[in-house]
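Two complexes follow with subunit A in common, the first pairing it with subunit B and the second with subunit C.
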Partner chain A sequence: MATLTAAPVRPPLVAWVRRHLLSGPLNTLLTLVFGAVFVAAGMAVVRFLANSDFTILRVNLALFMVGGFRRDELWRIAVAAWLLSLMGGLVGGLVAAAAAARARQTGVVVTGATGRGRWSVLRRFWPFGLFLVICLSLTETIQPTLVTVLGIGLAVGGYWLARRWPASWRRFLYLALPILGLAAYGVMASSGLGWSRWGGFHLNLFLTGAGLLLAFPFGILLALGRRSSLPVVKGIAVGYIEVIRGVPLITLLLMGVFALGFFLPSNLRPSDVTRVLVAITLFEAAYIAEVVRGGLQAVPSGQTEAAQALGLSPWKITRLIVLPQALRATIPAMVGQFISLFKDTTLVAAVGLGDVLAASSFANSQPAFNAQGLARITLPFVALAFWAGSYTMSREAKRLERRLGVGER
Partner chain B sequence: MENQPRTRPSFWRDVRVIRLVLQVVAVAALATALYILWFNLTNNLRRQGIRTDFSFLDQPFGVRIAGSDFRPGSSVRDAFWNGIRNTAALAVVGLPILTVLGVVVGIGRLSRNWLVARAASLYVEGLRNLPPLLLIVFAFQAVILRLPPARSPITPFGWLVVSNLEIHVPGLTLQPGGGQFLATVAAAVLAAAVVWWWRTRRQDRTGQPHHRWLWGLGIVAGTALVAYLLGEDPVTVSRPQLEGRVISGGFSGLGAYFAVLGALVLYTSSHVAEIVRGSIQAVPRGQTEAAEALALSGFQRLRFVVLPQAARIALPPIINQYLNYVKNTSLAIAVGFAEVTLIAFQAIGNGQPAPQVILLLMAAYLTFSLVISALVNVYNRRLRLVTR
Partner chain C sequence: MISSDFTDATRTKNEPMIVLEHVDKFFGSFQALQDITMSVGRQEVVVVIGPSGSGKSTLIRCINRLEKHDRGRVVVDGIELTDDLRKIQEVRRETGMVFQQFNLFPHLSVLDNVTLAPRQVRRMPRDQAEELGKAMLARVRIPEQAHKYPGQLSGGQQQRVAIARSLAMQPKVMLFDEPTSALDPEMIKEVLEAMEELATSGMTMIVVTHEMGFARAVADRVVFMAEGQIVEVGSPEHFFSSPQEPRTKLFLSQIL
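And then the complex of A and B:
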């Protein structure tokens, strides 16, 4: 009689190591090689952190963050940051409330791979947190820390408020979002402090947000034009989109800085930031149009046909039936576009604006830090700022995709 | 009912009229906007005494171009061609390297070995979330510029000569008789193509295995070997040699060239890796299972079932990344490598009319992008015909 012998039970860790690291000669070799690489890289990082002098960052932190913004007016940036934190918290809460409502309706609870629970926020936003902590450790006064703590508090408060806000009054919250954004802009730009002297990381963030907001309506129009049944309208939209997508952003920036003046009445002399913002808007509109077109294609044609059968006018079909569904489907791709614009705003340094990348070159050429090869310290700091933002946002976009149930109905 | 006169809708509700009116309005709006821009442009240019034609192309460029024998007295037109050549030099060398790197890393992310998968995802998530311009500036300022100065270069491995101005790498040199050798190899490639076509047709007709790769590579390699042995060393490897301060042999590139090349290859390959991973995962599981049911080996499963389907998904987005790579070479402007955007920038700085120069620059990139996307469209259409 055959006897069945149970496979020897190994502790899970050993089993895991055998399966994932040592499952064959080639695998073992790979493990050894990459283990060595990881150890060497880790030691290099530790040595870099231990042996480097970060004075250049400490001295120039304000330059990196806000460029040439008047130092006696910095409170405006703090207030704007609070308003935007509150806005961010409200948006997060609204999304969470929408996901909860959806879960109640459908009975499907969507849990992200990032997990739930009280501390999942830390897991999701740790790159942000890391960057904030590094920045605050470089400051010399207590004010930035207080501003940050209050900002986080406002974000948490906004989230809490939006989660518990009665659903029937939700439209007032939606109304509050643009008001908060406009107020933040107003605080920063009022009393004659227009954006022409903005710089540093602040300029990158401003160009990202403003560029996307300004390009958005233009992009929707282009996308609708591209799907239009009117050949002339379609031709204009396709031509614009293909031309803009065929050239690098930097050529448009050069156009904005060197040639925009030629196309304007001679009494109009916009500042460099305005010129760059025009170029970014024109550029981004074409890409947003493609994103929105993707969303429009995802709306089944039955929706339009049903609306036609109900006797809605074309304008009403677009506004009430097609666009709401299309725009919901584009949210993740839109975040991707946001990330790519965020990274592209560094290009303004190449046409002479004082963004965060230019600030690092400027710091490296100061008499105290000149010709010491300090780019190896300033540039990783700038890189961390962009990496924290892009990486966090791209993960959040994936999460949002799951929670909003895009792609499934 | 039948006797009722057919009523036409009033003309302002007639779809045909509405469509016509809308299009006329669109054209009128566009024409007005263009007219205003054109009016301002000609007005401003005339007031500032700038010419509106392209005769500036024949004027002297006025600046030397580093790393070439371009003289400041040569025309702007020549400078533009020089810039386009330098852009092409970035593309021709970079695209193959980044493709290989991207495919390797993309497959590495799917590795069962945990460390390999971690390393690949660190590579991807680390690089693709950084601005490419930042990578280029870092590669130039923190790597290239920290190399020893040009008067005392170093020679790592004996095969490279490296300074912060130039980097010399080994290359191939044609000896006398090398031309014949190359011609022979080219003829062999042609012959291999014909044989490839013949083997394919033969398989289509008779169903016998085609062994296209075996035949093709065999013909090329065999001919090359014979030609190499018959000619007396027609092609030799040339190593850069450092004698005193003179460097001879091999290929040389400016430090800025290698900074742009390295940074953009790393950046774009991380995007290609994501595409490769996504496409392999997009092949339905059932395909692999069906291949297993047919008793195909692991290699056969990949070669005949998974990879062909993954390649079809991956190709359009990868071509898109190639286009992005070429467009991103314009960022070399930040480290002073003289590709076509920097040439345009310098031309504007030397007083050439900005609108025309930028128009030329955009036209150069646009021509390239539109040709490539037209080819991609043709490819997509062919695939659709094949699949349905």
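And then the complex of A and C:
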């Protein structure tokens, strides 16, 4: 391998500024105007941060994070978070190990697959990390910090373990993933408190995760149904998708919480969280179905024909040839859909659930903070939480796209 | 056992591999195939030529049921193609097909492309399938590309992988649908060589192509089609030196 070593050509800062910011009278004027706007905005933010009293966040941090969850049962959330951190680390390690193995075989080094350098994780998850640091700075005891540090440690440990795990035993790691997920759920559910006490940002995260997990397979089935040659199956799929897409989510949530009871037998009284989760799943499945349908249409018919000619059964053609290519093509649209759902979970505040948005208005109505215009503190905090999650998702999706793009025609 | 061996043997000797009887095929009101009757013997290589839109591709796509014929009979290795899905699958397992656009699976490595069908359709264990797959890649002379992805290969290499992918199912018949038409000129030769080797090894083949040199050198019979009908059939010598039909003469004068 011949390597060319050349000094990186980087124009000095002054030259860069001159070329990009001051290249003409109009450009210079724009630079000055926007520079002034940015400086003014930056100063406003600094003044806001310096002059504001964040006591309302400090006092209510637990409310924002876990809502009305019983404080003596908080350890359950910590344990569940640890289990999920470990799971996340294992997934990351498995993905990296697979990418490294493939790079060895094909000779193609996949950029962004194994990360660049030891601290690439920080660069990847910095929005979320920033949010964590802000939250921890608002805590009054050491416990949340310890929980977080241990969680990060478990994630790193899981990553390390999965990278070094012998390849021939890898299937046990894959088996461990759903077990960890179920264990996390079990720890939460075994309290006997039920979902009805879940709340805060934790509820938003749960509704997003569980909603996606449930809606995704359902959505794929609907998309396949919509392309079915059987008129009945196709009719049901089209009817379902078009009815659900014609209804606002808030209507479905209201119906789930207030109208569903009239249609259920009287001994069946699902909790509000269950009802909301069902409504979200039904709603999201219709949108995911349309995204997947777009991907299915992007797979050329020659792919199906080649698979048919080899004698593969229709189901195997769908599962092994069409769906993998279709889902890959839908990543950008799918992530947009996920982010949109993540933000839409705040609508549950409108049907009386105590999510993070509801927590903020509850905090604002507390006697100590009432009528002081403290929404200027709490709402930006809620916004920050969603921004950190959404932006991280969007960045990770871009990375995934880049990685899966390798080997494409 | 003995009786089945006996019938197998007689079938092998007497019955042609592919029989088409009075096959019609319509796309809407357009008749793509009109009263096609032909048979292809075992180990025979038939080259189908004709102007574009003459129904050549439709003809071979009816043989593995990528197109459903509307009238007549299509019989492959004694199995008649009907709406019975099991019969269709049986025929497809024994019939390889190579497409103009290669149609490799871009999300699978070359080796996975080749081993997918043996593993999924023949239920072959992975290591056995990979051994077979590597042998097939060696046969089309690209064993070193096994772990690459189709997108990393040249057109000629991709088409040879497509041939290897079909061969891995150990088919009794190979159908080629203009296998070199999408290739750059310098890559046509390597694909034709692979096909020639296959013909020499005794594979039953139907090849739709515009490569007259290949037809002359490799074909046992040449079929000329126009407007959905078989116009003329003959040995290459007969066909290229003394064609009988005016339509054939016109076509040959245009391309040679």
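Observations, loosely collected:
In this section, the second predicted complex is superposed on the first by the 357 of 409 C-alpha atoms of A that agree within 3 Å, B and C clash if a C-alpha of one lies under 4 Å from a C-alpha of the other, contacts with A are read in each partner's own complex, and residues count from 1 in each chain.
What we mean here is this: a residue touches a chain if its C-beta (ideal position, glycine included) is under 8 Å from a C-beta of that chain, and two chains touch if they have at least 3 such contacts.
Computed from a predicted model, the values in this text were never measured in an experiment.
In the superposed model, A:190 makes contact with neither subunit B nor subunit C. Residue by residue along subunit A, subunit B and subunit C are tallied for touches, and B comes out ahead. Applying the stated contact rule after C-alpha superposition, one finds that A:143 touches neither subunit B nor subunit C. In the superposition on chain A, A:366 contacts neither subunit B nor subunit C. In the superposition on chain A, contact of A:55 is made with neither subunit B nor subunit C.
Overlap of the subunit B and subunit C interfaces on subunit A comprises no residues.
Taken together, the subunit A residues at the contact with subunit B in this complex read 19-21, 23, 27, 30-31, 34-35, 37-38, 229-233, 236, 242-243, 245-248, 250-251, 254-255, 258-259, 261-266, 339, 343-344, 346-347, 349-350, 357, 361, 364, 373, 375-376, 379-380, 382-383, 386-387, 390-391, 394. Interface of subunit C with subunit A (complex): residues 64, 66, 89, 92-93, 95-97, 99, 101, 103-107, 109, 116-117, 120-121, 147-152, 162, 165-166, 169, 175.
Of all residues in subunit A, those touching subunit C in their complex are 105-108, 300, 302-303, 305-313, 316, 320-321, 324-325, 328, 406-409. Contacts from subunit B toward subunit A in the complex involve residues 19, 22-23, 26-27, 30, 37, 40-41, 43-45, 47, 111-116, 118-119, 125-126, 129-134, 137-138, 141-142, 145-146, 327-328, 330-331, 333-334, 341, 344-345, 348, 354-355, 358, 361-362, 365-366, 368-370, 373.
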